[in-house]
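Some structures are shown below for you to check.
Shared between the two complexes below is chain A, which has chain B as its partner in the first and chain C in the second.
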Partner chain A sequence: MSNPDLYGVLGRFEHPDALLEAIAELRKAGHSRLEAFSPYPVEGLSRALGERSRWLTVAALVGALLTALATYGMIWYSAVIDYPYVVGGKPLHSWPPFLLLAFVLAILAAVLVALVGMLMGNRLPRLYHPAFNVAAFSRASDDGFFILIRLERNPEDVERLRRRLDDLHALDIQEVPA
Partner chain B sequence: MTSTQDRLLPAGITFASMTRRISDLVLEERAPLGWWIGVVICAALTLLLVGALSVLFSVGVGIFGITIPVAWGMPILNTVWWIGIAHAGTLISAVLLITRQPWRAGINRFAEAMAMFAIVCAGIYPIMHLGRPQFFYYLLPYPDTMGLWPQWRSPLVWDFFAIFTYLVFTASFLYMSLLPDLATLRDRARGWRARAYGILAIGWRGSAAHWERYEKANMIMAALATPIVVTVTGIISLDLAVSVVPGFHFTIFPPYFVAGALFSGFSTVALLAVVLRSLFNLEDLVTRVHLDYLGRMMLLFALIVAYAYGQEIFTAFYTGEDYYRTVYFDRWTGPYAPIWWSMIVCNVVLTQLLWFRRIRRSPIAMLCLAITSNLGMWLERFQIVFTSTHADYMPSNWDTIWPTGWDWAAYLGSLGLFGLLLLVFVKLTPLISLHDMRALIASRQQEEGDS
Partner chain C sequence: MSRSVLILVLGLALGLCLIGGFFDPQGLAQAWLAAWLTLGFLSLGTMALLMVHGLTGGAWGNESKHLWKALAAATPLLALALLPLLLFLGGLFPWMAPAETLPEVVRHKQFYLNAPFFIGRTLFYLTAWCLLAWWLVRPSPARRWHAPGLILWALTVTFFSYDWIMSLEPRFYSDIFGIERMVFGVGGAMALGLALGAKPLRSGVRLDLANLWLATLLGWAFVNFAQLIIIWSGNMPDEILWYLQRGAGAWGWVGRASVLLFLVIPFAMLLPTQAKRRAGWLRAAALITLTGYLLHSQWLIWPSLPATAWAWLLTPAAVVALVAFCLLGLGASHRQALFAPARQASQGADEATLSVRQEVRHENP
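Right after this comes the complex of A and B.
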């Protein structure tokens, strides 16, 4: 029987290619509850895990367009309807400068959507994570490439997972307390 | 390609050795003497800025040399100058990221920090120049009791939104770039510093899903950087160009200002590269190859700036308007002529030295050229702001105005503030982007494996 307070089993690899191979093997063997950690973005890692996400670019674009429309609408309302005031003989609806402001604020919105979307998608800020309980995990921000196999809800044979990681030549194999 | 990267990286560098070396600069090693000297000087100058601001806000803008007809004077000239410096930091980071240039990794961190602090310095001046700084929020569309709205056709309102957007962008981009490195510091520090960096790193773990969204957000921001840079300086140039003042009213102003901004910005990155690499002994990570590339960028934008000078002169004479021609004769022979000619020496003559590879690769030569280029760009902004307005259509309006001691105090003070923020920043965070450097090391290992 496994310990109910166990989050998963962690193994370290020296090289990103070994990490990618191990993930492919584990997925072939039917493990789906995998997490991988690397100190820099490794090409193809999220594809290997099957967790691509594409919505951020679309969200930024939509945010930018909506903000542009809202800005233009606000300026048009204030300059034409609510506070009509002729300056320098220019028409009330002076669209070139209005477009400029709509463009600038659209960029502002896209920047904020990208930053906030990245943080929210990644569930950050979140200061605690079970992996931080393992001392060796500090190498994930230095030179270590890690795989974490999360345990299923039903009791699982931890020894079997350890052996499997060992077969894949993982180092520092450790149980991660929840 | 391999040969270029080999020269960008020291031989035998590994992830672990690079991480240790750069993070130890923050966590373990004592700051070098030069750093302390710099901090003391910059802190003293920052105090000068605080003093100048205190006097300014209690006495009023009359202490500055911004008397009619030169209503803008040094505050606006300094805003334009500082914003220009900020631009190259943004572009280096973003454009080199999109084009996947390997020489980005050594210099992007302090280039981004430079952008951030230059915007802070730029942002102070418009507030100073307002006269009644407590009312700056009139620029915002808020439901005020007087039923007023901002004047949307005014470039000063565009300025406010553009600079604000740029500030938010730069801060976001800098924090994004810092986030994984803060996690590295959290994992290596002990005690209260581990906790402080832990809070700043907000739980970054470098999981595959993290990096996936991180890279996506980074690319979005990088793609936005170019329009931002062009828009911000373009809008600032419109402050001048949409008026009918003879020295301001040129359609070439937006691209001309952007090129000038990038010229001074790349010069400042080169300046910081030379200073920081010798201060922290990083000659093998911020290499002569980096200086070479920076030198080429300086040369490119110096040539565009020179072309803009020529184009502006051509336009002034081609219009056939007396007033435009008079402005130019005045620039060449009038009371501000030394400024114009010094500008030409700094920006057009001296920069030709950058054609030579030996000059671009010499740290001391690059340092000198970076200083003269920034000086030249400052003089350029000076001649645009001062010579155009001091003698416009009505001879009865003409006057010659010079900056006062308070102008100089505020200017020197902002230099000090910039230096202070930058020096403190490089001691609190990794001076070289660790995760970008790891990606560069990994791509080199890949190539070595393939060959």
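Right after this comes the complex of A and C.
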């Protein structure tokens, strides 16, 4: 009988390819609650984990377009309706400079939406994670490539998960307390 | 396209041009100029791509090089096709008129805009481009010349644009005109290359090329808008007239349509990453851009010319004649690179791996 307040099982790999392979195997076997940690970005890792972030780009685009519209509307309102004042003989509705400001703020909005959305999607900033309780985990910022399988409801899975990681040649297999 | 078909097409188109030229030589010169300026910048643009790739390297160029080389190889032929126009300068450029009939602004520019200096400059540009093109289409151009080559290219294209496009309206002046022409040419050239040869490339290479192309289109938007807003804010008669002519009547709509086709639609099409990997999608975007390229080139040139009906009728014939002439002169292997690029691409990939290996060996002896 395993400890009921267990967060998951952690295994270390020496090489990013082994990590990707293990993730593919685990996902094939039906494990979906996986987390991966690596010292540097591994190409294809988020795809292997089944993470898809299509909404982020769409959100950035929508944010940019809305901001552009709102900016243009605001300048148009202030220059044409609220305080009509002829400058340099130009028409009140002078679209070239309006467009410039709308563009600049649209880019700013796209960047901010993408940044905030990325942080929210990754549940950042997060100062604590149960894996920090495992001493060997510090190698995740040095040379270790880790997989963490979060436990499902069933507590007696733990032994099977450890064997499973062992079959995949993981090292330092450990249980992570919650 | 076989050789005999090309000869037939060239003969027919040239025949049409000559018949038109018999009735209206000035119209023929204008049509030939418009056709040359439309096509010439495509070939010039590919030279910049080849030299940028020579400086940076990268799979995008290793595997698409055959396309750019085939297009750049047309430069000497185009240079040859520009020479006859040197006989018709009087019918094209207003500053050739007697000095006392010219406005004062233009009279001050005559130390630069006069026939002997103009012809000498043109011959210099054409010679420089021929040398660059011959050097670039060699199997492996020497590395150290890419940076000086790009500088020479940028200067010659800038002054060529001042001379042959901007001086059609000698009162008009814009600093940024040369850069606008360069970026426009590179954007159009990439569209032509992608329209012809996107299919056999690897999807990762297609993505890289599409991103570079998108950046080029955005660069053009930036430069072109900068020119517009500077001239619009200054509102000086000599400069704003150029835009007023191009905003009036039908030309205004041609200009809007060309920006929509050259920039806005392809920009929206190139936003999703997955779509940039698909050859059919890229080809569609490239064809739309090329349509915009054609329209924008006409929008730039024709409002400056006192065009006759003959000039209008002869322009398509001149374009066909120039294309057929270039294709004939390019030879079978370059034609194959453009129109049946599958075999060439796989060869290119082989060569690319070879050159990467050589580079690796060079760096780790």
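Keep in mind that, in the parts below, the second predicted complex is superposed on the first by the 177 of 178 C-alpha atoms of A that agree within 3 Å, B and C clash if a C-alpha of one lies under 4 Å from a C-alpha of the other, contacts with A are read in each partner's own complex, and residues count from 1 in each chain.
The criterion applied here is as follows: a residue touches a chain if its C-beta (ideal position, glycine included) is under 8 Å from a C-beta of that chain, and two chains touch if they have at least 3 such contacts.
In this text the structure is predicted, and so the values were computed from the model without any measurement.
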Original post:
Touching A:Gly89 in the superposition: chain B (first), chain C (second), both, neither?
Top reply: second
**OP:** Considering only touches as defined above, state whether A:Pro97 meets chain B (first), chain C (second), both or neither.
**Re:** both
Original post:
Between chain B (first) and chain C (second), which, if any, makes contact with A:Leu171: first, second, both or neither?
Top reply: neither
**OP:** Scan A:Val158 for contacts with chain B and chain C and give back first, second, both or neither.
**Re:** neither
Original post:
Taking the superposition as given, does A:Tyr128 touch the first partner, chain B, the second, chain C, both, or neither?
Top reply: first
Subject >> Where chain A meets both chain C and chain B, residue numbers >> reply: 57, 88, 90, 97, 100
Subject >> Of all residues in chain C, those that touch chain A in their complex >> reply: 225, 228-229, 232-233, 235, 271-273
**OP:** Using the touch definition up top, name the residues of chain A that touch chain B in the complex.
**Re:** 16, 35-42, 45-46, 48-49, 51-54, 56-57, 60, 74-75, 78-79, 82-83, 85, 87-88, 90, 94, 97-98, 100-101, 103-105, 107-108, 110-112, 114-115, 117-119, 121-122, 124-129, 131-132, 138-143
Original post:
For chain A, which residues count as touching chain C in their complex?
Top reply: 57, 61, 88-90, 96-97, 99-100
Original post:
Which bits of chain B are touching chain A when the two form their complex?
Top reply: 14-16, 19, 141, 147-153, 157-158, 161-162, 164-165, 168-169, 172-173, 175-176, 180, 183-184, 186-188, 198-199, 202-217, 220-221, 224, 227-228, 231, 235, 434-436, 438-439, 442
